[in-house]
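What follows is a pair of complexes built around chain A, which joins chain B in one and chain C in the other.
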Partner chain A sequence: MEGEARRRWILKISVTLIYLFLLAPIFIVVAAAFNSGEFLRFPPEGFSFRWFQRFLDSQPFVDAFLFSLRLAIVVTILATLIGTAAAFYVVRHSRRFRDLLRLMIILPLPVPAILTGIALLIFFYAIGIGTQGSIALVIGHTLICLPYVFLTVSSVLVGFNQSLEEAARNLGAGPWTTFWRITLPIIKGAMISGAVFAFIISFDQFPISLLLAGVGSTPLPLQLFDYLRFSFDPTAAAVSTISIVMTVIVVLITERLVGLESLYWGKR
Partner chain B sequence: MSTASGANRVLERITRIPFGLNRMILLIVPAFFLVLIFFIGPYLYLLYMSFMSQAPAAPYESTPTLENYSIAIRDSFNWRVIRTTLQFGVLTTLITLVLAYPLAYHLARASSRVKGILLILVLSPLLVGIVIRSYGWMILLADTGLVNQALGVFGLGPYSLMYNQTGVMIALVHIYMPFMVLPLAGSLQNIDPDIEGASRSLGASPWTTFWRVTWPLSLPGVAAGSILVFVLTISAYVIPALLGGYNVMTLPLLVVQTVSQLFNWPLGSALAMVFFAITIAIIWLYMKFLNWMMRGLT
Partner chain C sequence: MGSIDLKSLTKRFDDVVAVNNLNLELNDGELIALLGPSGCGKTTTLRMIAGFEMADEGTISIGERNVTTLAPEKRNAGMVFQNYALFPHLTVYENVAFGLEMRRVPKSEIHDRVMAILEKVQLGGLDARYPRQLSGGQQQRTALARALVINPEVLLLDEPLANLDAKLREEMRFYIRSLQQEFEITTVYVTHDQAEALVLADRIAVMMNGVIEQLGSPEEIYRRPQTPIVADFVGLTNLVPGVITEQDGERSLVETRAGVIRGMGPDSLLNGDTVLVSVRPETLRIEGVKGTAGLMGSEQHDGTGSAVNQLEGDVTERAFLGNLIDYRIDVGGGELFRVQAAPTPSYDVSERVNLTFPESEVWVVKDVGESISVDSLRGESGA
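And then the complex of A and B:
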């Protein structure tokens, strides 16, 4: 079985190389942010925080970062509330139109977001709202994030043992008490993972933002994109690193709250 | 308890809807109207717009015409853009499949402890924004970038790896790889290793075992991953824009340019509808394929 061992090694080495390929660009961005030189070179020129200082001094980047954060929070709240309510209705109370409603809510997911952005852009101009302010962005982002919340909460509700709720009702609890004391604790995990998905999708969203961002309301990915078209000095790397760190923090908090598996599989 | 249930009764009465309608319907109302007004509505309007006439001063003129579609498909430039986009889709899908297969196989056969870590490695790029990952490739592939510096040590290059199709391809393969690995690993995981073992012990070479046993059984995963990667690739905007530096024109770039820079809404809408039709056709073909696969299994 000498050939067997050799094949196993070939598989291991190629797999390692492919993982390297998968992760290299991300590590490179972080490395560039802490490198003191204008360009990343080997050997590195030294460790420095100057690009982070540049970021803090750059009004457009700071504004875009704060705007993206606010946008993502608003969108997360909207998508979580609307998506959870919709999941409840579709799983528990819909009859004839169940499949149609499910398809309708999930539809924004498989359709290319860039097309949805185009359709929304023309639509918002046609009804006279245009892209003034950030109402168009909020609606566009919520539309894209809704299916994630809907799917994670639905998957839990489908496996939900309703006799728990009936028991609570039989013991004299009202519908609201039952909801707060029984239903909510069980679906909480799914709601949180759905919300985290929504937050990350909104914070990193590009195609919708490209088309619907108005003057003075530029989300971070769009600001970064515009910057990179003309220069790629490491200020962009510092911004990217901060954005990566933020995502990691959000994921770690979720891990603490509900466990990481629920983030991937929408379990619990 | 009694005051609580009293309050609940009052609340129930307030929220009750007349005409015997189930008040639970209120739960679906926000989602229903959000999708109806801001998703289905805009797409129908886009369809309508694609049949309007172009106007020199205004975004469009409301005289119905089929001209936009004939320009969208028959104009040689547009046709070339559509062909380039589809080529990128096919090539990216094939390369991603070849690279993702060993990764997925390794992942599916890993022990459950290692699997968790590997899964995080595969998925973590998805948590990093697409603009940031493209930027990583710009640092690597630029004329004075890390790859060319490394090649320079061996006296090779510099090669121009960015602002052309090569750079776009590399980044596309990288960014959509996780979408190939996950479905593949899912279907490879369902293959009992004993089946491969049986094939080997009956004298089949590893090569034969792979093509006659493993590959056919993994086809549902191959199909799911391929369709996902293809659809995502042809609708990519950031990568062709940043790594192609607008030297590489794809359908999404063309649609956005036509609508938001040339303000030619009718033509942009027609191009968008063509794009939409291509996407739907591919998803439909995939469904057909899956049905056909399932029939083969039962």
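And then the complex of A and C:
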């Protein structure tokens, strides 16, 4: 019993340390955002909302925030649709090239994003799209987000009992009805988790955006980087805090909507 | 309700012929069991009837309709899957109602029919549960209710009891049989469990390597197997190789390494045919050797004077099964006989015993050179 109790204490302490290590920087950023002083520093010198106000008054920041939001939404939809379709094809229909296809889709994960960005930049100029407007950004972000949707959805599809679909067909449902009534509800949880990943990855994306952003389409992380190069006041911390809050809200909403249910539906 | 007619059905997967020119006709209201080891083509046959696999050759008719190329949803066949395939995100009620919804049955009628069938399969009051909240037996009955509620023309069962524990499995055999008879529904029942097939089926089709080895009533299959493979696959039996020395109508005299055996066989057998003699372990009578000589006086003898259907040997193994004792007895000539006898009197290992068996319980099968594969099948059939 002695050893058991000690083990439990060691576990508790190490878990606490890990969380501290992961969360401390975020706490510091958030605390710094409410600093009333002139500089980005920790510990804060007082409490104030003035840097949030500064953010709202700054047109470039608000524009960048809204642009990132719109970009992330479009990218999430595209990546979810394409990633799910790709997962269906690779898991169910690809035969000889299955491993190769899987590798190609998840390649953006192991390849440094900056390399992917450079490659895309050269490619877009070569085919004449260039970086005007935001098409390049949308494609680049979608490419980076695809693996997350693909991996979560295909992991559910691999364990998917296809006799469920056969049973639906046997009971009189056509292929489309079967998909909407049986397949989709069962993989929905995985699709949404993949979509949440895609949203966060796109919203926080820096290296790809750095290379592919056109004039007049600046995502928030780029705007933040530009700002920090010249001024070191807590506006940056306020922007980061808003960004963190956004992410947390997205996760909480999906948790509420599908979290518990998708846990049920994933199992048989 | 309808009959099923399969004509020259063939299905290949790449180079493997899963079902080879299969013909089978089910009468209205009949239950046929497709019995065979895994990989014999029985499930593929069922899946072709359901429409999940398309036949490469041949035709499938349900009732008067040719359904060979019809999509599964247009065949009106109810199916119960081995793993039940209950929709995990739907309640028992929604699962059972699914087929009726697809048929655009009015809501109130759906409700009545679902509730009635749930009552019938003893699931009343469980309609709001999810499949994961049900026991194996309850899931099984939900799957049956879901298949039956749509009033299908035929019922297709794919190893429906394979996932249940032994005791429940035995109960469910009788339950499925009574349900099938109540609904008078033509049924194809796929199983690798010969006991299941014997209990449930009107007729059994024993399948091997994509073809039907034998089609017949459970009793015919068990007592009068037409090929060594069927004899070996269905039930336990002692198969002794030998040569026919005398054939008179359906009565055969066979010379074997263990001695001369007299038995019954098809009248197509001829003198000099190589055959296998099948003697079921439960038809052998076992007696101690000492002091039994006098009782042997009435036994049959052939012209040479040696005893017929009477073997002497040593007990080499003995297993207590509760209601029976399972012996292995070395009768000489390299033949090992399996005998299942009542637990009393009991004989010990290395005790010398006499085995006798009536001519009417011995069945002679022509050996078509498959006796080598018989042994390999034995391992598979145990699964």
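By our rule, the second predicted complex is superposed on the first by the 231 of 268 C-alpha atoms of A that agree within 3 Å, B and C clash if a C-alpha of one lies under 4 Å from a C-alpha of the other, contacts with A are read in each partner's own complex, and residues count from 1 in each chain.
Simple rule for what comes next: contacts are C-beta pairs under 8 Å (C-beta built on N, C-alpha and C of every residue); 3 or more make two chains touch, one makes a residue touch a chain.
Remember, it's a predicted structure, so these values are computed and weren't measured experimentally.
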Touched partner set for A:186, first chain B, second chain C, both or neither: second
More chain A residues in contact - chain B or chain C: B
First, second, both or neither for A:228, with chain B first and chain C second: first
Partner chain in contact with A:7 - chain B first, chain C second, else both or neither: first
Contacts of A:15 with chain B and chain C, given as first, second, both or neither: first
Touching partner for A:100 - first (chain B), second (chain C), both, neither: neither
Which of chain B and chain C A:28 touches, first, second, both or neither: first
Which of chain B and chain C A:167 touches, first, second, both or neither: second
Chain B versus chain C as contact partner of A:253, first or second or both or neither: neither
Touching both chain C and chain B, counted on chain A across the two superposed complexes: 172-174, 177, 264
Residues of chain A touching chain C in the complex: 161, 163-164, 166-174, 177, 181-182, 185-186, 264-265, 267-268
Contact set on chain C toward chain A in their complex: 50-52, 71-73, 75-79, 81-83, 85-89, 98-99, 102-103, 130-132, 146-147, 150
Sites on chain A touched by chain B in the complex: 3, 7, 11-12, 14-15, 18-19, 21-26, 28-29, 32, 39-42, 81-83, 85-86, 88-90, 92-94, 101, 104-105, 107-108, 110-116, 118-123, 125-126, 139-140, 142-143, 146, 150, 172-177, 200, 203-204, 206-207, 210-211, 221, 224-225, 228-229, 232, 236-237, 240, 243-244, 247-248, 251, 260, 264
Interface residues, chain B side, partner chain A - complex: 1, 4-5, 7-9, 11-12, 22, 24-25, 27-28, 30-32, 34-36, 38-43, 45-46, 49, 59, 99-100, 102-103, 105-106, 119-125, 127-140, 142, 144-146, 149-150, 174, 177-178, 206, 231, 234-235, 237-238, 241-242, 252, 255-256, 259-260, 265, 268-269, 272, 275-276, 279, 283
